[in-house]
């Protein structure tokens, strides 16, 4: 993990409420693994004060990409950045997704809700590179929440689409679609998911019911992203007992069975 | 005075550390008089919090110009604004310079130090339009502080230049140049000046010594610009006794003899 | 949407008042807002006699905040009644006078003088200005002084009495209770936080008065906490303020129990802020299908795990 | 440029320390700063036993500020000595332990346990955390409790004792004096201001703990005021903090009388902040041809007109 105060924005893509920035930062890129994240400074001023946690959406030798939804002031400021400007980033942070050494030939179920899709693209590529078969379940409230369908399709993975309002694909929650699909297809080697808490909790239940190991990426408001503030904790089993564990350091990805849900 | 939340930046000029923005705002322009100012909102966020007071540098039917030095965060943000963006302005504020009804044929001495030159361009044009003869004394620390020489020259007024470091024109303080010039030329009908306090105080002394009426534009940190906060007061004679007077409302221009100097 | 608020002693068109010292005598804002759209106007602090105020510089900006040391410069009660009140006539919006005093007797004198004036809807007793005595001293720093002064004021007053508290205390609830016991009709808080800034070039305080009072968005989390603490411990209505810039900010104060809010520093940044905030509250309620603003007040939900602490 | 500071009981390479709770156990920052360039490191608050801390959410952002309710989650003294201290060995920078206690006895127990450890340069007695007892209660709210606790701690301690004060009080000077009289070697301030934030969508507090402590640039003007008040009234050294983001901020604290500063929230925003601030102080002094940083401390100039108030 390191601080690149001047990661150059070399490409920008915009959809309705969603944004992608490609950043030149070879040193961060070199270390990046799927499921890890960056802490991005959105302003050089004391307002907004904190950095924003954003997943690493993709990487190559030269740099990394972030993909995010405009959801508040910080992401709105980021959304206004232009190619040629620089960003101050910390990363790569956290532990990321565990990919089995024996991924080859196996099938994986990747589930992303809305902006939660962000880390799954990097993961899907990595699984592909290791000879695995990622199947992507991509859900949103409505059609506009699914800007990355083609990008995933270009990986030659199966992409299952759902929208809460039925405007595209399976009508209903992405978890309902996953349940239906898992019921009728072969059991995947592992589930990977990222999205809001209620969705993660639901997936934890599905995975437990079918006895599929699952890796869930959790969210929490973060003060530092580097384990220094104890602000980002979630309840996780450690040595049999529930503890407040820093997700920036030991997560944001956890094995589903470790996570204690008391929502 | 009114609030134009969307004055359009239609032209921008940049020098080394100095900036000019032309704003489309017909309603503000219609009311503007030389020596009046705007309160400009530099950020839609709570930081930096307060509006910045900036003189009206020029006006036409369509809008007004501001000319400013980058001196802190607020003016730095303003300096980054681009043509096509909008500004939230309040104005015109304050009372401005008093121009004698009988300006025609008379000579006036206009003295500006650094960014203090800003309101004097508008004034010089107005005096010209009334048939007066403004003579402009324009001083700065160094040559780079004098970006408006040609602009004043284009008004066909006499322009006297000074720099503290002697890099251009009279070497020394603008007040020294004024003193020298006043000693050898005809007495002007009035002195108008704008600049930092020590300069204003010196000019007050010169004007008193030569018994020339002087109008000085004062600076103060301002909370509101509209007389509501009592933050901008300066010591001014009112009915024979010194009072804290709001310069946003009763100034920023005062008759030199009204101002009490206890610096 | 019903935005009306009943304070018991006063009915307000809506819960948004302009805060004292930040709205002049109201007149200054006529070019920018329709004053009749406000819940109320608390005019600038008034002593019995005119006051010169503190020497400048009187303002310093801080991160998301403003430090002021105006020191209650003002025209005194007589000029207020003769010159200002006539210009405010015809307004439907209640005018509340922020009452100041160098001594307890002066507070009573201001109230006495204005009592007779039918054009005033009530008093806000300013016992909390940090800019007039040394290092911010003021009656609201002590429950005892608060009690005795409020009692005196209440005895003098024929009009409703709101008591404005200082945040510069260890235990805001005990001061609020002292005011309540002494007969206050309502409590308003917070006044500014005692603060300071230094110019490192000159090594001088940025304010000629050395100290000043901090206001604006920077203080909102502190203000909200105090308003919540007080609103849940006294029976009289609480008027909340401190850093309110938007309708959403105002709603936070209402949810923790304030019956109304005052908008201060925001008026400087956006002279239309007070009326904009009324509109934003209205829009929020419409969106959430809330029919009466009173249905929002004091509805903060605390979870079990939270309450247990 | 001589940046060294002599606190009497401890010599510092420079006046910039990392503030407790914002710098982890120091180790977290090794990738970003050369820890040897710091004046000192105050590690996260330690109870005798491991502490679970408060339930999340524990953080909420405010305008130029951060509200936290961590509640001193930590590993306890034993794990600290066994797992952390060995990793900090070899550092030239003094390590100061921020001492916590549920009871007065626990404070003493922490000190007792660590006294023997030669790897620690001193204690910072944290009597001011607003996140562990109900509504921010803590010993530093009362001069009496401060006095008795500091006395007890001082009797237990073989190492220098810095006492960390709370800003949530009416009279910071009386608390500081109580600490001084009880034998404190130095005073540090401010801890966070008791604060709150509400989510108007859910009508719940943003922090599970309801209350939290406000830090960051928003609080700087309040912190600076208190540091000035205390530094000019006690004889022991004062370590100032609250909202320091830059060398210029730090210099304000030194000018009003702090002998050193701690950098807190800034470490989150910029993990290199602490060492950057050392550099910025250095640059400022060089530019102004100041030879020794000690020549800046307490050099605030107050004009006549100011002093007269």
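Here the chain labels run A, B, C and D in written order, and each chain numbers its own residues starting at 1.
In this text, a residue touches a chain if its C-beta (ideal position, glycine included) is under 8 Å from a C-beta of that chain, and two chains touch if they have at least 3 such contacts.
In this text the structure is predicted, and so the values were computed from the model without any measurement.
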_Chain whose mean Cα position lies farthest from chain A_ = B
*Highest contact-pair count belongs to which two chains?*
C-D
*Once you find the CA centre of chain B and the CA centre of chain C, what distance in Å lies between them?*
36
_How many angstrom lie between the centres of chain C and chain D, each centre taken as the mean Cα position?_
33
_Approximate Å spacing (C-alpha centroids) for the pair chain A, chain B_ = 55
*Report the inter-chain centroid distance for chain A and chain C in whole angstrom, where each centroid is the mean of the CA atoms.*
46
*Could you check chain C for residues that touch two or more other chains and list them?*
55, 60, 63-65, 216-218
*Check each residue of chain A and list the ones that touch at least two other chains.*
46-48
*Looking at which chains touch which, would you call it a line, ring, star, complete or other?*
complete
*Would you tell me which residues of chain D are touching chain B in their complex?*
63-64
*asked:* Per the contact definition, I'd like the list of chain D residues that touch chain C in the complex.
replied: 54-55, 60, 62-65, 67, 134-135, 141-142, 168-170, 193-198, 200, 202-205, 208-212, 214, 216-222, 224-225, 228-229, 243, 248, 251-252, 255-256, 284, 299-303, 305-306, 309
*Residue numbers on chain A that touch chain D, as the complex places them*: 1-3, 41, 46-51, 90, 220-224, 226-234, 243-244
_Touching residues (chain side chain B, partner chain A) in the complex_ = 45-48, 73
*Mind listing the chain C positions that touch chain B in their complex?*
21-24, 28-29, 31-32, 44, 52-53, 55-61, 63-66, 68, 70, 73, 216-218, 245, 265, 267-272
